[in-house]
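First comes the structure, then the notes that go with it.
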């Protein structure tokens, strides 16, 4: 294993003043930390290092999750848990009251289930599209082409835009009188009302998500491709392998660990998707692109009655699903490590 | 099929360009248009006047109708080109329009009025950047203060995030200790909680701590990011154990190993986290909106979104201000982008 | 010196005008400093309620959901110099700001009265050679005329009606919808309501309306047709008085646009009133100063300057009676303002009642959300009616849950 | 004085015992080399000494002080890692100075020490470079330099040359020997390279399966391996180990024939033993004198020497080393004779048994 | 028949010429080894033959057919990579079967061929394993197996043993020799290891700086290096190369003194030459007979042999190889004599010059 130093080296020159500052800080903290180390012993130092992060985590993540659970078993519009009446599993019962779980329209809270169904649909489409496109991009970028760094940046930079900006840009392009329709009409076509057709709305939701995030996944796959030793390809060539077989029998199997990572990350991100799609389609037409997180957000904030209890119950259910996915991922990474 | 495969597998770039090379360059060209186009479009649009923004079909470059001053009329008059009955095309200034008939004059000889059906005239336009989209809002509010707040939040929060996340990642990557798996489970479990769904409880916590309307209310809650811990830990796992043992043999304290060995070697991953953190903080909107009500602590994102009213969105300002907020992210990206590959590659969850 | 914080959102230039006025106030009242906190509208609807619920928030805020936030509002009456005049000028609107049962509180004043109403692209009518229906024409007559015009001039939107509960109920009230019964209980889905909903759905089917507004977003999301109107693709745009300033600026003289009186239904020819109120917040530490400021801002002279400079329809009865001059408006805008000013008189009491009812927004949201689904074909209208009733019932019940 | 004393060191990883009781004394200034097959616990033992592993049992004493529970950073030892473990982000100077800074040594003193070490190791020109910009040999010297500046009680080396190519390895080996001669510290050195062990060590420790098989001076191990394991392990190509027997009168028999003049003694009579003879102690001879007759399977002509791989009756496999170039081909039948003075006999338990021959002396 | 013919092969990387015109004929069934210093172009030449690199000039002919423009996958050669380049996600069986599948060979035929190769290489028990679960030596055998199942015209090996540890290397080397004896294909083998080259090759090709220095049978190169480069490169430890002169009568002078009995001839008279003598051809002698007297700097006792590193007057540095164990210590002064029959003289241009001595023959 080579250490990551070479890439770090040139930076040091540029950051020289920062480095001096950093060294001063290190020196400043050294005596107290040494004292701590003497006090607790080397074996307990990891707890010391974990402490600050754990504090923040506890206060701003775990405690709120706890409060959320309290919210989910209480009702009313009051904000302070102490002022909220206990309603037991009523919120959950309300959410889960369905004629048939396959048919959102039969549920009492049909919007929740429509959100679930839409999220599921979105997740599946987006996973397929994301993997295909980022794989294609990674494969092309892995070729010995000129200006690879530039193209890598091209794919990556949308990752840096905020979801709202991304959605705004595309909404601007896709609207009735937007750029795309202008192009279509100049090409002699008809204007298409993308946000009126449920199919198109879902399509563009997925498209915009892929547009915005594929750079990240492309890099993960590219890293995987570059880690495949060149000589394996040469061996395949000596073995008389045709290109298509090389792709299917050599490249893809060897890329599998990275593909798995991409799949899991895309899965998790798509379950969480919200602002991007919300700003783009507003969840419409009808409720065709209303995602589960949008449901939660609307229930808790956007409605006149800010129904924290119901929203919390929905988020706890979502949390359970996400936790399941987490365990799945852990299982896979463990297996990979083994 | 084979051709397509070759596109993805051929590895020799020497000699003539194979047709697959052309295809991959075409792919990349499309990518450049598709990736850059929208943002370029945004930037161009941000220089359009409100009227031009709404126009269909839209023009690529920001254009505005040319106006001329004509003797005898106090206001500048809009200029149109009009085909005359004799077949010539003249440029006329419109005095007024009544129904479907426009009264027009030739700027050269303002005495004679010409009556033209409205659908015969086409506006004469020129490229004009509506810089006022930028200048007006920036002048209207205390831009520097909001910028300062945003910078403070971004920088301080990123620093805190980098320090505490890297400390935790260090503990989780270098040591074996009781409760390590539990801590990892906590990190990975919360990795997947979208902040949106715990907004209200966090608001409660922050209120109870008395932090409302303080920039710390924006800085502190997101400081301990599970993503950051995870990313850094994965990277630190690739640092050879030998180095840490060598440092121990060199009588370094654990703190020094962290600060002098592990941190510098994690620079690429730290840079990636820094980029992400800067991006999150800079673009953060919903949360600051909830906890910052006083305008002296408003961040740029809140201030800029003040152009979204109940009934109207002032698009020309909104687009311009969106471009303004993009600029710093672009600069940071340009500065740190070469780390991104190594950083992400090595955190590629190996 | 006391500092007051005013949370403010803007649709147009009203923030600047207010800043101006505040400066003047501060010059006159050296002991009070007012900070204007400009915020996005989202902050007013989504985060302000949370802040208020937790005891935080500004001293003064410009809000639209006055009924919903009524419990958090300050009663200025004890601190006012001349409560009677205040009540006289803002009487009908004060009810909107009070908790049910309270008849005396004076929480603030109206920075703006909005009235829903239609704008017509007169040029399109002229080009099509179709005469415009007269002042008392019905919705159906208009619809027919609009469709004819649109077909002739190939405009994709014969009729555009904002996707907004407020605008929908403009139509519904004219069809006889009451929403709330005499006891203050919800009675949303009545005959008038059904007629209006049916009209909307029918119009979409027959092409009078385009699905782009009602059929393209979900929930209670707002969707207007400003761009389309500006591009002369809409023959009649049912929106409201607040559009005038915007059209004045963006349409220019591309075509002639006029405001016309709201079309009539079987019940009346009313639009929906609405608007934004500037109110004091109960949690303030300086109620007297808040009252002093609001009383000054609400005074006839100051408020008419405000209306005049912002091109708002006055929400002050005596100012309205006197009439407001709009020197900065072009002739088309001035004419439109006049039409809307007159429309205020045509507003039906039922409309005032709906607007003032605490739960009106629950109803608005439910109606829009469900009718939107019906328009997009996701459900039937009958199904939508059921859902609307259960949505409303559930939310009102949740609101009623107290410890 | 920096002596080291290991007493009954045991180390388990969970259920796996890696070190099974190691006792060893190392004197001040001694150069001790650990050898043994891969996985036998060499590195583990070194890391136990360093303090990087905690022991399961036993005690480590340095200079008479029990340091068994003292953490690595406080033992005052220096270690040169197989991978060198240079800090890639620090210059050569900083790499060497790091430990001194940690100890709180004053700046000028650090400078003096680093420059002295650099001069000794011919690194002065490279002080400003990062390790990434150095050749393998230079890195190796930096790793040593990092150890020297601290003036440690004991140097520990874990296969420090195994990353170098053959030529550099030979050169660096010579430098290490010179260095030890110059600074004379106590050095403990792990290697799997025969030549390094033979040429560098004052004493070699042969480890096998977590135990010490033999400790001794290089030529002693070569000439008088205490057991079969050491006999087979030390020397390259390895010693020929031939199954043999002892007849009733105590004479050695090979493939049923008595080997004239070799009498392990009557106490082994009737037992199966192993006869050990190094390739260089097998010589060609006239047929009548032959101890065995073998057919050549493979000839390796290296120019300066020739290896014959041959086989005889009863599965007899012999490696024969001859000087210079030999005109022997595959399939040739050769009578061979073993150098009587250089034979080794091991009993069934693998222990070396005296042969009662005249004492050996260097040629 | 699978002969190979390289004609004027040139290869540039941009402005850098790596191969500068290589001509070589390799006969069917021959085992040819390429040696040369690092970076001399060995791998490049091999890859040119394989078709993995395009040439800048020249032609490659296999079996009389010009294949210069034929891509690697169609040349029908097999290559064993230094890193083995086994497909890590396929079992040993699949690794070996992959090429056959590519060729569209029928399943039963594939199975038969793979099993035969596996049996030959003693891999039958590991056929189901992934490469990750194999030892270095086993991997190496899989890499070879992958090559032999295809029954290629020519085998190419690029330093196939360099990843193995010393012991495994020796063992695998022997296996390779046996394999060649068994299947008898044409083999081209790149190595930087002296011993491999000497023991495996039918002919050795010495490359230097992109050119061939000498081609010949191993012992011919060892005994009669054509030039200074080959002399220094072949043999380990390397030949002692001493600056010498030729006096007016054509006799060799070393450090000013004539070396009795060595007369490169009058045509070199007055020129500076280099005297080459291998470490094993330097012997200790009585003082009067000495060609030089040197002081010992370092003694390396390897048990079976001893290396002395010594220096004498006028910067004379000598490596001396002695058999067995020698009682010589550092600082000892030794008179030494060169074996007259084994001396080499190179002129100023580095070319070997005949010495006019009696012809040599293997001992």
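Letters are used for the chains, namely A, B, C, D and E, taken in the order the chains are written, and counting of residues starts over at 1 for each.
In this section, a contact is a pair of C-beta atoms (placed from the backbone, for glycine too) under 8 Å apart; a residue touches a chain by one contact, two chains touch by 3 or more.
Being a predicted model, the structure only gives us computed values, none of them experimental.
Asks: To reach subunit D from subunit C by way of touching chains, what is the minimum number of steps?
Replies: Each step joins two touching chains, and the minimum needed here is 2.
Asks: If I average the CA coordinates per chain, which chain comes out farthest from subunit E?
Replies: C
Asks: Quick check on this structure: which chain has its C-alpha centroid closest to the centroid of all protein C-alpha atoms?
Replies: Most central by this criterion: A.
Asks: Looking at C-alpha means, what's the farthest chain from subunit D?
Replies: C
Asks: Select, from B-C and A-C, the pair of chains that is joined by more C-beta pairs in contact.
Replies: A-C is joined by more C-beta pairs in contact.
Asks: List the centre-to-centre spacing of subunit A and subunit C in whole Å, with centres computed as mean CA coordinates.
Replies: 39
Asks: Using mean CA coordinates as chain centres, what's the subunit B-subunit D distance in Å?
Replies: Roughly 63 Å separates the two chain centres.
Asks: Any idea how many Å lie between the Cα centroids of subunit A and subunit D?
Replies: Using C-alpha averages as centres, the distance is 55 Å.
Asks: How big is the gap, in whole Å, between where the Cα atoms of subunit D centre and where those of subunit E centre?
Replies: It comes to 28 Å between the two C-alpha centres.
Asks: On subunit A, where are the residues touching two or more other chains?
Replies: In subunit A, 3-5, 8, 12, 42, 79-80, 176-177, 242, 245, 301 touch at least two other chains.
Asks: Would you please write down the residue numbers of subunit C that are in contact with two or more other chains?
Replies: Answer for subunit C, listing residues that touch two or more other chains: 46-47, 50, 54, 227, 231.
Asks: What residues in subunit B touch two or more of the other chains?
Replies: If we look for residues of subunit B contacting two or more partner chains, we find 54-56, 200, 204, 240, 243, 253, 256, 260, 264-265, 267.
Asks: Using the touch rule from the top, collect the residues of subunit D that touch subunit B in their complex.
Replies: Per the touch definition, subunit D meets subunit B at residues 50, 52, 71-74, 77-79, 81-83, 85-89, 98-99, 102-103, 146, 150.
Asks: Residue numbers of subunit A touching subunit E in their complex, please.
Replies: So the residues of subunit A in touch with subunit E come to 229, 231-232, 234-242, 245, 249-250, 253-254, 256.
Asks: Given the complex with subunit E, which residues does subunit D contribute to the contact?
Replies: 38, 165-166, 170, 174, 177, 192-195, 198-199, 218-219, 222-223, 234-237, 278-280, 298, 300-305, 309, 321, 323-327, 362-363
Asks: Applying the document's contact rule, which stretches of subunit C touch subunit B when the two form their complex?
Replies: Per the stated touch rule, the residues are 5, 7, 9-12, 15-16, 35-44, 46-47, 50-51, 54-58, 64, 114, 123, 126-127, 224, 226-227, 230-231, 240, 242-243, 246, 249-253, 256, 276.
Asks: Using the touch definition up top, name the residues of subunit A that touch subunit B in the complex.
Replies: Residues 1, 3-5, 7-8, 11-12, 22, 25-26, 29-30, 33-34, 37, 42-47, 49-50, 52-57, 59-68, 71, 79-81, 136-137, 139-140, 143-145, 149, 151-158, 160-162, 164-165, 168-170, 172-173, 176-179, 181-182, 185-186, 211, 216, 219-220, 222-224, 226, 230, 233, 242-248, 251, 257-258, 261, 268, 271-272, 274, 293, 296-297, 300-301, 308, 311-312, 315, 318-319, 322-323, 325-326, 329-330, 333.
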